[in-house]
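As written, the chain order gives the labels A, B, C and D, with residue 1 at the start of each chain.
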Amino acid sequence: MVIVMNQNATGEQIKRIIGRVHQAGLRTHVVEGEFRTIIGIIGDKKTIMALAVEALEGVEKAVPISSSYKLVSRDFHPQSSIVDVSGVKIGGGSLVVMGGPCAVESREQLMEAAHIVKEGGAQFLRGGAYKPRTSPYAFQGLEEEGLIYLAEAREATGLKIVTEVTDVTAVDLVASYADMLQIGARNMQNFHLLKAVGRSGKPVLLKRGLSATIEEWLHAAEYIVNEGNYDVVLCERGIRTYEEYTRNTLDLSAVGALKHLSHLPVIVDPSHGTGKWHLVRSMSMAAVAAGADGLMIEVHPNPAEALSDGPQSLNPGNYMALMKDIIKLADFLNNEVR
Amino acid sequence: MVIVMNQNATGEQIKRIIGRVHQAGLRTHVVEGEFRTIIGIIGDKKTIMALAVEALEGVEKAVPISSSYKLVSRDFHPQSSIVDVSGVKIGGGSLVVMGGPCAVESREQLMEAAHIVKEGGAQFLRGGAYKPRTSPYAFQGLEEEGLIYLAEAREATGLKIVTEVTDVTAVDLVASYADMLQIGARNMQNFHLLKAVGRSGKPVLLKRGLSATIEEWLHAAEYIVNEGNYDVVLCERGIRTYEEYTRNTLDLSAVGALKHLSHLPVIVDPSHGTGKWHLVRSMSMAAVAAGADGLMIEVHPNPAEALSDGPQSLNPGNYMALMKDIIKLADFLNNEVR
Amino acid sequence: MVIVMNQNATGEQIKRIIGRVHQAGLRTHVVEGEFRTIIGIIGDKKTIMALAVEALEGVEKAVPISSSYKLVSRDFHPQSSIVDVSGVKIGGGSLVVMGGPCAVESREQLMEAAHIVKEGGAQFLRGGAYKPRTSPYAFQGLEEEGLIYLAEAREATGLKIVTEVTDVTAVDLVASYADMLQIGARNMQNFHLLKAVGRSGKPVLLKRGLSATIEEWLHAAEYIVNEGNYDVVLCERGIRTYEEYTRNTLDLSAVGALKHLSHLPVIVDPSHGTGKWHLVRSMSMAAVAAGADGLMIEVHPNPAEALSDGPQSLNPGNYMALMKDIIKLADFLNNEVR
Amino acid sequence: MVIVMNQNATGEQIKRIIGRVHQAGLRTHVVEGEFRTIIGIIGDKKTIMALAVEALEGVEKAVPISSSYKLVSRDFHPQSSIVDVSGVKIGGGSLVVMGGPCAVESREQLMEAAHIVKEGGAQFLRGGAYKPRTSPYAFQGLEEEGLIYLAEAREATGLKIVTEVTDVTAVDLVASYADMLQIGARNMQNFHLLKAVGRSGKPVLLKRGLSATIEEWLHAAEYIVNEGNYDVVLCERGIRTYEEYTRNTLDLSAVGALKHLSHLPVIVDPSHGTGKWHLVRSMSMAAVAAGADGLMIEVHPNPAEALSDGPQSLNPGNYMALMKDIIKLADFLNNEVR
């Protein structure tokens, strides 16, 4: 951390700050600039973070130099991680696809979706049994009934199950059915839930918060890993911006940024990321070309009948065509480019 | 809702949409424009919201006309609400102030803060016993110990207690100590928690989410009221923007907007809203002049020693001076202007 | 500036950077942290800004410590400036109001507006003769004809004229009619125009860009002052955010921030800032309470007939009522609080 | 446009609005909902846009149904356009690359860059002779001297020249040297400049504004085309968001969105879009896979010596490697997928 003093900070004020920093067991380097004095602080990240020096008199601002996440950082763990979910590996070069409806609506809908997803070549079935919805009057999910259908679909197709858990009290139940627990965007900073899935022993898919910075996202992952669970996959799903044409702005540069900063695998959800099915194809291709380890795509046997997020779901025909091209593209990139 | 068709939508596609809308028990009005056909949909809000017509072929977009919250809307309840918290009324013309430290750190710190807060003329003591923190390594709060200190401070000063609850499993415990439950920004769309505080029987202070629209915020309030709890107060605390000088951008226009759209009382938190103690004074005065029903202000006996958010906390001297002027301003506005 | 090296940066890379910094005539301080080396750079702001050290191998990032504006900064000029516009002083404690229609539409409309504005107690008449409009098909302004009407209105009422100039080639013409030149939000970074009004000898009202940071805004002001024109007034008019209820998000915390960082006067435009006439009153009161030196308010004799921005214009009755209260509030603040 | 009335709007108010709409030569459809009356307006886009009905009493809001751009819309011109720049075609399936330094710094630098750009297989040389810079103290470009060097580089390599014009008064001069005129992000809504390049007869590269919506961007293009110049290419270069890791957030979904809404070609600038050279490769690959018609990439013979934007420029080695892979990818997509 670097403390920038006011132009008219007194020697007394500077001394007081240095005293406090040393008291905390940290070292300082004082640099006198033309107009201002700057104090660099060196030592343990956690201790630095706990300082509230900005509140001291004479301080203009405090500039953090390095992030306080550690376990998820590439500095700490230079090799890219591979997360094994019931035998399917995420990360390490192959492309994983998670397909399925936004919400589990009925046994028939889910089974039909599962067979399509499987036929297209995906490895995971997605589908929400617990749906966090903006309005209390919108469909909130089938809850345990939905989980049972997901397990049946796994039985029937061999697909792995990834599904969202929205509350601490449901972690054990969801974990007893799913292969991978999803933390949704709205819960990315639900720290109790992060700790709970960290203790669950299940791999976790951590979606980016609606307006989370990359750094906050990695801190959220750090909460999970800090509980001893290293099986975390990050999922970019669009961020909130002023643009109104798309539901969110899909930040594909996050793929490269995360691979630079962290060792965790990264997948992309172009369905939520754009909110428009006709943009899912181009953004899926782009995500694969950007180096994503996988995709999460909404597929519905009949999007116009969907109880949730129909406008962003692919119909079976579009899904099949996309899967064919994505697989070709991934092969091309693996063989011809990398 | 208004459905806008593609320019080249067929009569068949239009018919199919109308059929589906009628099937849902809703009425339609078809308007043929120069280039496109537009279909207006009339009927029950909740039913309209459940339609996924955007996924149907031939549809360019669906434009919602009215919001789906109801119980919190001024349309539904034209009179401004007054929320009674253990005898202190929020809303209805008088100004309420909630002061105190970001986090409860120790009995001594809290007691000292409480006496200052009381002396300044505030009605509520704030202070977090459970702290949602970006990093798992930051101070996470004293939990029940903090609640006990808060209750002791109430005993000593007569101040009412407002404190954050961050998890469903802690609602009963927090409710047994606090006069008012706070839902923090990160939990504004933690729907399980909203329902739980809705059932708690305690008044609720609902902070705006970091990047929540006013509409989403009112929907979150609707979750609470929908459980039968009408004692909800909204708290503007700044939204996330590109601006870096302030921690958040305090959206004071939300005060007038909420009073236009809803009957619920609105207060403002300029401490989190700006992240800088030297902006708290001007934003407090502005909030009062904008018509806010109250303020939530961070005060710390010694901000530079704070374990959380020191840079945005007022010291006792600044707090006292501010309170004096705020009270004068509120009196002036009540007597001379309104 | 502080250069943060990669964890695995070599001694060679660090040496190369230090060499380059010294070559530029700057000094360095090297600090070795636990994981990374940090290099502080000291010397002339402009020289530091011209370094492209982030492109050198081994560099993780470069963190700027101080801004590169100077003439507009309070560090450089601690006293608050007062800008004299044809005898009316902006800054220094009194409140200035600039009222009038968004666009000059006709002699009649403008004269009617001017008399209302004058009667309410404002000092300036605003009105656009050149209108930057999103669509090429929207009303683009009366151009010189509009300027003539503005001058006539000044003659008739004694109000000073502030009007927007949108192009370098029109600066002389507009300056020959107006008392104060306005740079609109879309031109805040039209650097040719900034230099031209800097050379015009006329006071300048510089509106904040649609998504300009406070720092970029001060840099834009620096362009004007750097041409020798110190008569610059800043005008907050809302920034672009994700919120859709208001046209922009009025950032009232910018008032206090600018007064902390700069010596220039600051006014607020709640009409563009909210886009809704029913929010103008509360945001005007808030701006005055926040310490703004003035307001720019849209008033139209008949908002529903306005060729531009009718929805955000006050009608004569609302304007009169607001002016009465604003003046009272300013008096109260001057006499009872400050 | 759809006008949504207040719940308590009177019959008188509704009548008044309908009268005014009819007076403007437009038709209305009135729909009475459960709580509110809704008035649909049909007729000429430009006339509708000029209405200020939101300012009328009883109106809650006005919801636009269709955009007011026309000449650039795919509705109006269903075939994708191909823009011919001195014999190089942009659009229509082949991939165009524009490479070069951010700023022209010297003859040597530019020539060296041009040969590298050519060798890699690009068709255009980019390089700024006029640089819009946030600070007045940053390097502002070589102006005409830079244009002369660009023309020399064209002579030497056969590359086409694309360069930014920042002011109306310089359009003729820049047009006399360049093959294509670039409008930079800060000038996307400099409407005088848009009209001037529209009249210049030269193809125009229109960059997206820092916080422009897709709709505003298409309106800016409409300004150019409305002057009779159909040779417009759009360039996505990142938008301003709250994320701080990247300089901007590159919005690759804009590629698909623009191709849906408009017939104009679209290219992508991953250098400005990310601000970090190490993200340029992945975002270039992604842009091509997303269906962009081309790329604009910053290449500098020695990024660490660059006077502008060094941190986001590729060095020759990285550029060559990227070009090889991009060309392969484009071939693969053309032959195997589309």
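One rule holds in what follows: contacts are C-beta pairs under 8 Å (C-beta built on N, C-alpha and C of every residue); 3 or more make two chains touch, one makes a residue touch a chain.
Everything numeric here is computed off the predicted structure, so don't read it as measured data.
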Comparison of B-D and B-C by number of C-beta pairs in contact, larger one: B-C
Repeat of interface A-D, chosen from A-C, B-C or C-D - more than half of residue-number contact pairs shared: B-C
CA centroid of chain B to CA centroid of chain D, Å: 38
Chain centre separation in whole Å, for chain B relative to chain A (CA means): 26
Inter-centroid spacing, chain C versus chain B (mean Cα positions, whole Å): 30
Two or more partner chains touched - positions in chain D: 211, 240-242, 244
Of all residues in chain C, those that touch chain A in their complex: 2, 4, 7, 29, 31-36, 38, 40, 42-44, 63, 65-66, 75, 211, 240-242, 244
Residues on chain A engaged by chain D in the complex (per definition of touch): 211, 213-215, 239, 241-246, 249-253, 255-257, 260-261, 273-274, 278-279, 281-283, 285-291, 325, 328-329, 332-333, 336-337
Of all residues in chain A, those that touch chain B in their complex: 20, 45-46, 49-50, 52-56, 62, 68-69, 132-139, 166-169, 186-187, 189-192, 210-211, 216, 219, 222-223, 226, 240, 277, 300, 303-311, 313
